[in-house]
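For reference, chains read A, B, C, D, E and F in written order, and residue numbers begin at 1 within each chain.
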Amino acid sequence: MGISTFFRAPIADNIFDVDIGLIGIPFDGAVSNRPGTRHGPRAIREQSSMLRAINSATKNQPFKNLYIADLGDIFIESTFDLVSAHNEIEKYFDSILIKNIIPIAIGGDHSISLPILRAMRKTIDKPLALIHIDAHCDTGYGDTYSYAKFTHGSPFYHATEEGLINPHKTIQIGIRGTLNDINQWNYSYDSGMRVVTIDEFYELGWKEISNICSDLIDKDYPTYLSFDIDSIDPSEAPGTGTPEAGGITVKEAIWFLRSLNRHNFIGADLVEVAPQWDPSYLTAFNAASILFEILCLVSKGKKI
Amino acid sequence: MGISTFFRAPIADNIFDVDIGLIGIPFDGAVSNRPGTRHGPRAIREQSSMLRAINSATKNQPFKNLYIADLGDIFIESTFDLVSAHNEIEKYFDSILIKNIIPIAIGGDHSISLPILRAMRKTIDKPLALIHIDAHCDTGYGDTYSYAKFTHGSPFYHATEEGLINPHKTIQIGIRGTLNDINQWNYSYDSGMRVVTIDEFYELGWKEISNICSDLIDKDYPTYLSFDIDSIDPSEAPGTGTPEAGGITVKEAIWFLRSLNRHNFIGADLVEVAPQWDPSYLTAFNAASILFEILCLVSKGKKI
Amino acid sequence: MGISTFFRAPIADNIFDVDIGLIGIPFDGAVSNRPGTRHGPRAIREQSSMLRAINSATKNQPFKNLYIADLGDIFIESTFDLVSAHNEIEKYFDSILIKNIIPIAIGGDHSISLPILRAMRKTIDKPLALIHIDAHCDTGYGDTYSYAKFTHGSPFYHATEEGLINPHKTIQIGIRGTLNDINQWNYSYDSGMRVVTIDEFYELGWKEISNICSDLIDKDYPTYLSFDIDSIDPSEAPGTGTPEAGGITVKEAIWFLRSLNRHNFIGADLVEVAPQWDPSYLTAFNAASILFEILCLVSKGKKI
Amino acid sequence: MGISTFFRAPIADNIFDVDIGLIGIPFDGAVSNRPGTRHGPRAIREQSSMLRAINSATKNQPFKNLYIADLGDIFIESTFDLVSAHNEIEKYFDSILIKNIIPIAIGGDHSISLPILRAMRKTIDKPLALIHIDAHCDTGYGDTYSYAKFTHGSPFYHATEEGLINPHKTIQIGIRGTLNDINQWNYSYDSGMRVVTIDEFYELGWKEISNICSDLIDKDYPTYLSFDIDSIDPSEAPGTGTPEAGGITVKEAIWFLRSLNRHNFIGADLVEVAPQWDPSYLTAFNAASILFEILCLVSKGKKI
Amino acid sequence: MGISTFFRAPIADNIFDVDIGLIGIPFDGAVSNRPGTRHGPRAIREQSSMLRAINSATKNQPFKNLYIADLGDIFIESTFDLVSAHNEIEKYFDSILIKNIIPIAIGGDHSISLPILRAMRKTIDKPLALIHIDAHCDTGYGDTYSYAKFTHGSPFYHATEEGLINPHKTIQIGIRGTLNDINQWNYSYDSGMRVVTIDEFYELGWKEISNICSDLIDKDYPTYLSFDIDSIDPSEAPGTGTPEAGGITVKEAIWFLRSLNRHNFIGADLVEVAPQWDPSYLTAFNAASILFEILCLVSKGKKI
Amino acid sequence: MGISTFFRAPIADNIFDVDIGLIGIPFDGAVSNRPGTRHGPRAIREQSSMLRAINSATKNQPFKNLYIADLGDIFIESTFDLVSAHNEIEKYFDSILIKNIIPIAIGGDHSISLPILRAMRKTIDKPLALIHIDAHCDTGYGDTYSYAKFTHGSPFYHATEEGLINPHKTIQIGIRGTLNDINQWNYSYDSGMRVVTIDEFYELGWKEISNICSDLIDKDYPTYLSFDIDSIDPSEAPGTGTPEAGGITVKEAIWFLRSLNRHNFIGADLVEVAPQWDPSYLTAFNAASILFEILCLVSKGKKI
């Protein structure tokens, strides 16, 4: 009840005081299959209002020491032009980052990670590390895919090529499904990313994958977290544009995220929730629960 | 897109400047059958964001000359105690009315009209006129109904008894359905209200009913408008707690509302939208469209 | 709330006292398109529990003077054999009719009218009159349709051929839609039935159609009422197996049924509600509302 | 059952023999609000398979004398680039029209009418007449709307400017709803189009509007029919991107379409069905029923 | 098919012979978030009719040796007054227990456990043992929560304080989620209850938790079982008022329940199924399956 | 997008070249509980169009070396007569098998396995081996069940009795649930089939069950695979007629199927998907994903 904001957080009125900003990006102009993630932020806001102040497992209380605000949705004017839309998103993040707000973006389709990373990269002196949980590597060569360069299947190809992320400090977890091309995700392997398929995830177990993250990325290294809801099994997250059978359970995702608390996250996103395919609101609810863990993770150790 | 507010209106930041306040009342503690109208305000907010600035039929632009704000939802502490909950609602409206804000309330169940009328009555020197569109007269003797005095079936019985409304200037439109007791709505007739059953509505037609309203209520007389979504046919508004077959169409409701522009509305409510029974969002969408007409009606001729 | 029975009527414990029996027939073994009407009785029971004792328009109180019971569902053993299933239904109705119970059957598919009429015919000395409201004439020659003789498209062909109904005292109302064969419903015309297409229904209006019924059937003549929910517009009754665009509204159906109170109904059925295609329960709710009018109609003037 | 094609029509195997081609255009790249019409063709195919060979009201049998085929969906490569996508559609229609196939397009968003009209215009020596049924005029100045020139709100502005349609032989029926700008549809009026608002539609009645069409457009004049499903009331067609309360009923639409049989239709489209907002399939079913009437209309008098 | 009763059990006609009574309690007057569990009993009845006589895993045939009846729903008059409603429930259970019927209650919200335990406590000479499976401890101090003392978040606080249950023989399993207050469930720990969080559940495994139950509660000790459906993961039980991500699977719940067959259960409840949030009926179906296991458990070893 | 075929495979135009035929069997005339699997093939076609060319885990590319076609749905004339319907199915498969097409059938109810096995048995000189994944053994004595001999609960009883399958080379995996009769599946045990209950499945693990398959069936032995979607947990496959709580996960099913790549499959079916109970399309999507694995399995090592 009440106006829907993320976790019933206040809507930022004085944006300079905000420590962590929750930002909706209602953009799905880069999807090839089922559209609808433009309605993702609202659906997650709605469901997140059932969540409360304290993480009963970790005792983390993100809202206690930090000013966490819902910054609303980015208003994108050029909804029909990918490149312009991405520019608008980048500029918005420039304006946020200059105020030292740690951004957590809620998509929208996965293409939004690219302009966010472009903005973030300007604030630090080296390519970011990336922990990327997804059913897909999203390192396709955008320019050969439906004649569009920057789709939701290619953000991390561009992010690497543009020097935004360090592929040797990038890990992609939960990869699976059917492909158009046997070489579709080769760029991930060739560029040096650590690809953890769903089979490897279950062979090694989430604790071991967490250790691999620690080995790969120093605890102080500025790291970005990108969580695509389609990493989760469709039975627990049917409301997404490109589902792939046989994914991670929400329980495992939560445990895994909690285990990442050694890292230094300077930003994060949660993408690809499509409410139209989610008649029981399960996807949005599980996404809100995961978002809460991401919020706990990002807020851990910040400020005082 | 964006944070859901009614018609994407601003959330009131300086409440003194507001001309018309849209107020959610997420309360359904007085329903006897299917609960869920506590989620009504949010569902209408969501759908209302598809509506825009100008009424193409009347050319009315409510947002142009008036400051119309979404005042959010009333936070009700005593959700388990009807009398206390009603007191909280009344106090909230006292605080709004003192600032000369014209209130439009979005329910919640129909019991909320009672505390609103209590607050409004204090601001004028005589009982209000009432135009009440509903499938039910809602003039049951509350105290014999499920042992609770102030349910959603009795607000206008109490409103009359407490001198809040003038029954001779009260018209109830759209009445129909099955009853528990053949004398169930006798109070309406006995107290002098004008009851327009659905059969009479279709016999006379909405234009004639509108004339009856004009005859009954002087154009300057302070008048309250109460619109229960269950007046509408269930085919066009399935998402409500107590549907009754064979109601008014949305088209007729809109035409009828537009014809009431001679009256002096000092407040209004739209109640009984229950989103759980509304899988296609049709009820909330139609409710938002009716709310827009109510807003046009209330804003007409106000301020300059 | 409570165990779902039709209108919360008692489940018959001493079947000899019952005046009117509401009987579920969960059989859909004769449908050619979308199955699921076997779940119709339950869905209508559930929704009918929102209806109450008194018809506010006609003041009819069917439950007051008569013992109206929910006789439960017929248990059909031969669900995979149409002819045997129909025999079971006929025998059940034989056992009901011998106790002078007036039956109102709730389907199930329309094929069930045939065994009911077979049973009813044995209790009177001449073919019944029939008022039949439907999108389809259901007078197909069963034996050429999907190699099955007694489908849901042919009951009234067989009923006529077997001398169960008098085609000259049969009226079919609401006929429309697309056809497999231009001669598909010729049997209706050739046998002397009065066919009222949807176009004629709207040209003449329901009052005139009611007059035609009076002219066609003497007020004392034993008459059967068969109401197929697909006569109603799909917008108001999507949950049915063979929808046809552009049908009667529920409001018109209710008004028309009320106008039939001059007739002598000795039995009735309401068929073809398929809950799987009815996510908002609208069809079952409207069907329950129509069933209440049928109940009022059948109970009118019975007993003292 | 069977592979879903429009009306179970054959999939064209020898495209030269086809008289009327049913063509899916799964494109929604030009919508500003709710996406999803790219799934419209499939949903209409699925529902259309419940329709049959003969129109029971008009006795029209479109499949009898003409070879009507489902030509499948246009495969659009440039889904992220409006201008290129429109070019692809135009080229496809060029290839169809050269074979003397009469096209009936099933959208997809309303922007697709523009490239279709571009292709059609090349085959005749003057601008087409247009009968356009819609809640919106769709004559917005595209270039100021979300920075995109050719959206689903502007096709008929461009069609007029490019000389594809004759505004003096254009009629727009069913216009209503809320607007962004009081001058939003001025182009329709200024260019000489006949705009029939929903209020005028109900004041005059569909028969009179049909007469206006006859007066406006000579019976031999090559005419295009564009039917936007949002012309229909949301209660009967909730599954669309930009619903507007209070529209035409399906019954009226069907009657009106049948009355247009004096005109010479050389092409038609049915657009804006969005299945994600259509949980009971009502919109797709009603759209399929309307499409059947359009098919009857277009096939009338063609060939022998 | 047939009238919906739990597992198609007979409706009790001679209540003295009944061994185990299945009792619906359609009460949700104590929920703070999403209402609707008042419709839980009906939804579970409907789904339970797909279950059959024999547990294929344990070979238990509860209906064979015992007379198990559906006692219908408790009719609660004071639906708007928690304390009175609880008194009515308690009195009903008094009347059942005096006839030596073992009750299995189907909620409704979790507040109903309190009046049931009050009634049960009168029949034995010491506080009951409790095995409680839930996402929440439900030991909140009711009087500070929304100004209501006896909500669905506090039954076991009151049950302990009133001496109805022995906290040292109480185990709470599956606890997790977000909290309003870091001390929210402290009463559980402080009073000596054994709290098994979801993390501990997965660390130790259900077999070990079952052993802990055995250690804590003697096999002859009179024990009550309370199963809140929100203990189950929302992916398998979305239809509940207060979901918490990351719960027990149905499979584990079933295995765990079967392992409790050493205990002496004298009563049980299954609560918090809210059908409105359950579009695929999955929650009600899984609840019915769990209820069947509870029935097997309670019936085990009873009578002869 | 495009006309829905299985995996967007071509519709067979020259049936002699086809290596593997995907065949829809829209028949549910043999179900005792919830009907609707006749719509299964269409729903799976629709969802399968989201799957692509390559199995990312096994690198299998079934469409690369083999001509895999969608052969459409079998048109069954005798939909109301089980025996005739089965004869029609058998004849269809005779016509396919004579062309050396490997059939993969998509149901429809499980009774269809019987006529398929009858046709397949004629092409080889000995009873087939069978790997059967299901919640039910489906070896009921058909003739005592609802008076029909060949229902969806008995195909493998008949298949054994008719010498179509070798019970000593038959394994049934995932068996669980409630039963009508404690001896219901005794025929499986008595005839020598290997029955793996769900408890045994989880005790031993899928790898060990796979080994048991290898031990039981020689790698060259002609083997049939029958996959009933109700083997999967209802949380991951709610859309089926006879769900049973606590089943196999999709992930385990996929892993298990991949491990069967040593066997010589000469045909397969996937049955019992009922889209009406599947509002989020999860069942059809998971079924399509499993079908893809079956296709990989069957195509493995075929042709060159």
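Basically, a contact is a pair of C-beta atoms (placed from the backbone, for glycine too) under 8 Å apart; a residue touches a chain by one contact, two chains touch by 3 or more.
Quick caveat, the model's predicted, so the values are computed rather than measured.
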For the copies chain B and chain C, give the interface type as same if over half of its residue numbers appear on both sides, and as different if under half do.
different
How many angstrom lie between the CA centroids of chain B and chain F, rounded to a whole number?
56
Geometric centre distance via CA averages, chain D-chain B, whole Å
39
Two or more other chains are touched by the chain D residues 34, 38-39, 235, 277, 279-280
Graph of touching chains, which shape: line, ring, star, complete, other?
other
Touching residues (chain side chain C, partner chain F) in the complex
28-30, 32, 34-36, 38-39, 77-82, 84, 146-148, 151, 276-277, 279
Note: in the complex, chain F contacts chain E through residues 33-34, 175-182, 184, 197-199, 202, 233-235, 238-239, 242-247, 277-280
Chain F touches which residues of chain D in the complex?
1-5, 11, 13, 24, 26, 38-39, 41-42, 45-46, 70, 72-73, 75, 279
In the complex, the residues of chain A that touch chain E are 50-57, 59, 61, 235-236, 249-251, 254, 279-282, 285-286, 289-290, 292
